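Heads up, the next two complexes both have subunit A, just with different partners, subunit B and then subunit C.
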Partner chain A sequence: MTRTVMIDPVTRIEGHAKISIHLDDAGKVADARFHVTEFRGFEKFCVGRSFWEMPGITARICGICPVSHLMASAKAGDAILGVQIPPTAEKLRRMMNWGQIIQSHALSFFHLSSPDLIMGMDSDPAQRNIMGLIQQDPELARKGIRLRQFGQEVIRTLGGKSIHPAWTVPGGVREPLTAEKREKIATMLPERFDLIETALDLVYNAHETFANEIGNYGDFPSLFAGLVGPDGELEHYNGLLRVVNSEGKRVEDGIAPEKYREIIGEAVEPWSYLKFPYYKPLGYANGAGMYRVGPLARLNVCDFAGTRRANRALHEFRRLMKLDKPVSGTFYYHYARLIEILFCLEKIEDTIQDPDILNTHVRSQANVNKLVGIGVSEAPRGTLYHEYHIDEHGIIKEANLIIATGQNNLAMNKTVRQIAEAYVDGNNLTEGMLNRVEHGIRMYDPCLSCSTHAVGQMPMHVQLLSPDGEVLDEKIRG
Partner chain B sequence: MTNKIRLGTAWLGGCSGCHMSFLDLDERLLELAAAADLVYSPIADLKEFPEGVDVALVEGAVANIDHVELAKKIRERSKIVVSFGDCAVTGNVTILRNRFGVDDLLTMVYREGPGKAPLGHEADGIIPYLLPKVLPLHQVISVDAYVPGCPPSADRIWAAVTALLRGEKVSLEEELITFG
Partner chain C sequence: MSVITLTINEQLVSAQSEQTLLEAIREQGVEIPTLCHLEGLSDKGGCRLCMVEAVGTNRLMPACVTKVQEGMNVRTESERLVEYRKMIIELLLSERNHICAVCVMNGHCELQSLAANLGVNHVRYEYVVPDLPMDASHERFVQDQNRCILCVRCVRVCHEVEGAHNWDVMGRGVNSMVIADLYQPWGSSRSCTGCGKCVQVCPTGALSKKGSTVAEMVKHHDFLGWIMNGREKNIWEYR
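Now for the complex of A and B:
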């Protein structure tokens, strides 16, 4: 008899979701799906608001990466004004963006995933969280906390608040940096360079501990997409779109991000509030157009990092490539995240030494000059698109947002299926098996409040369904 | 060990920013771990809201049927329920969708692209039914304390949580009772 196992809610991810695992007569996995269960409707209710308000509203899509929305939204606003923002404003925005990548990646690694990596996939679910880690290894937990704290502090120092700062505006930023604040950031840096070394050691250990898992945790060929800088360097704020295929060949390069519609389509499925973006030229059918975004994708698409230590780290990372193909194991998202933290720390270190960083001209003034604005940046989880159509008074007539996490939707589904096939035994279901499936989702660090911007949040519950959809058994972990 | 406070945190229709601000307690989390057990939270793994919770922080407005069920369960099983952040307290950004009908929203958001869109009002047991209107938490269950802010700052959260851990009422200073 076939059954479906539900994991509900999926925990230690940023959002509300469920996973369903479909078992066949013999208790083997026939299919698995990742369902996002929250719907919020931002694209619709933004209609009728002023584009000036959009950074403030869209930041509330997500408390983990509000800065990404602030950036994309303000950039869409810059395009509407038709201005170049002052160079210092751009540097400051970049700095806040790096701060956010640091905090978000540290959160993903330490607060959400490290309990699996350090305590084990099958460890006691009552303890397998950051508070449990604090009990078990307070010093390590403190390190993770302090690494994230630095990123939040950079955001707070620049914008006045660590979450939803009202600082980025169309035309630039509201407030320049002061010498005092710059000093404050500088004094926090050295400790964080040490912390990232500790984190990298942890990930190297994890590669050994989970050597058997790596090949089953979402290791498959796919396209990878992300922004790269003008020379092909790792880039998070501006840049041009590049897509490489599973052979490592560039199928798109130098695409102005405003043209994203030419290469990205969005499909929908009745069983998830999260849309399914795909690479248009290859189509949606059978997952042909599946692509991945985020840290792993960015490291796979760029030519080099662009800072001294991150260049070296990237070089090391590329030893994982087989036959010059992109690194395909989803498990390596963890590793890629840490390399990006290192990169962002170095970038912040360089940028605060720039004499121009204290310049007080940080905002260009203008009014509506264009009726369409598209703003694109790299969020911690991948490329983020905001597109606004306005009337001559700046009132939004239409908004479209493509969120980083959504773009990994096809890959997340595939990953869940692969892990379920490898580890789930329907005749002998254990909590640890289900946690492995959930870890598959955690590797993508999905931000579901984001992805369900339009859509929803994500909780976990496993159901066994019969072929005609009848619920035969259910497992709610805990 | 036994006299530790049983703390739960839940996330309804919000952006998780309130939870992120909770994590902004940073090293104060180590102090908190000594005084409280986190028995339910989106950042922990138990899937079912347990019985006998002392303090529950609830982020977000009530937007779908899963939220209603969870809110009720939290109320039944917790001594003190805190309406945590502006979305829970007033509906905030989550409530902005109330100007529209659910069908309109879904059509608008999912109209393009191949595939069959989620219906949003069919009980398939997986994708929850959306409420026609989003509600602040206190319109669904009774709450014992309000901690406003979008999100409430870590200091504000700490002021509230430490009071609760001492068994006192939450009475925030005036400058800590602001929205936004």
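Now for the complex of A and C:
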């Protein structure tokens, strides 16, 4: 008999989800699906607009990482213009992108995930959120908010506002950095280095507390993909595509990002609006081409970080590798996020000392020179692709956007299944299982509104289904 | 030229007999919203935002095309007028696709600031959501029909000031469209001199400089005053 249990509205992912768990005749988990039930259609309604407007329009896909869309979109615009942007513009864009990664990762770790880590997966859902965290550990909550604030301030200082700044444009950026603004960023930095140390301590503790969970929380072999710099360093803005397999072998390296279609395919399933990108050479069937992107993938594909403290942290991180294989536990996304924050702080510290950073030549002028533009950058959640096909006057004829969360779709499904296998008990959904599934999804920090270009809200909705499709148990949150 | 007296908002004022009501009202420092009116161009009474109430008649009068008359008694602000002005703005917003957040004129748009000043915080009418094109064929400028409010400032400035008459209006009612030549892509119009006056007088993002990104387009129409002063009064002063 179907039973619906309402739980307090606690979701803490960007967007909402439905999960179905299918049981076999023996009552064991046969399949688990992570359904994204929202749709927005940006790829369609960009058609007919000018490519000059694309950064401004596509930034509206998301209020959390508008900067990532600004970067990929402006880079696609640069490609259409066929220009090299001024070196200072590139440095400034990188700086905003680092600010973006800091604020988004801090949001994911402190505001969304740390309540699970601090209070435990089985604690009262009504309390297990940022408000509960403020009550229980106000100092920690304050630190999280301060760290995120820095990222937002960098974006605001450069772009005029922290959400949807229209500052990154085809050809460069709209405003140079002033000495006064540079000073403002510099004075905020030291405190943030202290904050990240606190966060790292927290994650080390979590690794001990959740030692049992780590192995069940999406720990499986997969491919990892991301951009790396020319020397193999950690890279978020430019670079070349690299894919490593579960053995640590590079299966793709030095791929120019505009050739992404040669290695990445996109599949669709009738039960989700979120597409299923896969690694083409291995095919889509049975999840063979599943790859992961984002902080964990970036740390797995790069050779080194490229800054002093992040290099050391990465070295430490790589102690988690077994037999030189990539770190495969999804739980370590949290850890990877913090290392990236440290990296971004160091990069900003270095960049603002660059004597060229105040140069006022920050925008290249040109008109349409190419009819296709592809822009690729690393968003907080992984590699982001924008591809525009235009007519000779610059009006978009076709747009293709591949969002980081989509690329983790196969892995998220697999994670849900793994957690369900470990925690589904008989024909009932337990609180503990539900909490763990939710955290399993949250580890990827999925942005469902981005990845489906979604609108509206759907609650997290978990169904336990018998082999003949009967709903054995059902829980709804939100 | 004779001087007449009239009452504006219960103040007795004098005005010159060939002045319009709008000129007389603004001369008194009284704010009154307009969209199709622009100093230096002929008036057409199209937008109806400058409607005023007159004592003795229930009919509203468009101030920009009404001449002052001796003994006239008008009111520029009332609940009814504000309500009508809001309706006009809402109808304009519902007629085409005005997406301020991603518009090149965001923050500098006359329609947007009028909406804000009048307190238009929602639109009561169903959006028409027409499927309209952008014309980026011109070398330097872009026309976006989605943002056009048919104020025809562009048509007037091109005809009256530049003398090219590149722009005109096709169709009727809400289906009217501002077109180049006899419905040519702007880039292939032979009458356009590329002077850019239409772009500068356009109150919204319907006409913009090519390459403008979100909120980047700012327009200046001081040039109209310089040109008209030179032509009509032989005063050649650029300020």
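Definition applied: the second predicted complex is superposed on the first by the 448 of 478 C-alpha atoms of A that agree within 3 Å, B and C clash if a C-alpha of one lies under 4 Å from a C-alpha of the other, contacts with A are read in each partner's own complex, and residues count from 1 in each chain.
The rule is simple: a contact is a pair of C-beta atoms (placed from the backbone, for glycine too) under 8 Å apart; a residue touches a chain by one contact, two chains touch by 3 or more.
Model, not experiment: these values are computed from the prediction.
**Q** Which partner chains sit in contact with A:L107 here, subunit B, subunit C, both or neither? Use first/second/both/neither.
**A** Touch partner of A:L107: subunit B, not subunit C.
**Q** With both complexes superposed on chain A, which partner does A:R309 reach: first (subunit B), second (subunit C), both or neither?
**A** Touch status of A:R309: no partner.
**Q** So, A:R174: does it touch subunit B (first), subunit C (second), both, or neither?
**A** Touch status of A:R174: second partner only.
**Q** Now for A:I395: first (subunit B), second (subunit C), both, or neither, which partner does it touch?
**A** second
**Q** Which touches a greater number of subunit A residues, subunit B or subunit C?
**A** Between subunit B and subunit C, B touches the greater number of residues in subunit A.
**Q** For A:N367, select first, second, both or neither according to whether it touches subunit B, subunit C, the two together, or no partner.
**A** It touches subunit C, and subunit B stays clear.
**Q** Applying the touch criterion given at the start, work out whether A:E43 contacts subunit B, subunit C, both or neither, answering first, second, both or neither.
**A** Only subunit B; A:E43 stays clear of subunit C.
**Q** Which partner chains sit in contact with A:W52 here, subunit B, subunit C, both or neither? Use first/second/both/neither.
**A** second
**Q** Could you look at A:H164 and tell me whether it touches subunit B, subunit C, both or neither (first, second, both, neither)?
**A** Both: A:H164 reaches subunit B and subunit C.
**Q** Once the two structures are fitted together, what part of subunit A is touched by subunit B and by subunit C alike?
**A** 57, 60, 164
**Q** In their shared complex, at which residues does subunit A touch subunit B?
**A** Subunit A reaches subunit B through residues 6-9, 11-16, 18, 20, 35, 37-41, 43-45, 57, 60-64, 66, 107, 111-112, 125-126, 128-132, 134-135, 138, 141-142, 145-146, 148-149, 152, 161-164, 265-273, 275-276, 284, 435, 449, 454-457, 459-461, 463, 471, 476-478.
**Q** In their shared complex, at which residues does subunit B touch subunit A?
**A** It comes out as residues 11, 13-21, 23-24, 26-27, 29-30, 32-33, 37-39, 41-48, 50, 63-64, 66, 92-94, 96-97, 99-100, 104-106, 108-110, 112-120, 124-128, 130, 150-151, 153.
**Q** What does subunit C use to touch subunit A in their complex?
**A** 101-102, 104, 133-134, 136-137, 142, 187, 210-216
**Q** If we count contacts the way the header does, which residues on subunit A are in touch with subunit C in the complex?
**A** 48-50, 52-53, 55-57, 60, 164, 166, 169-170, 174, 365, 367, 393-395
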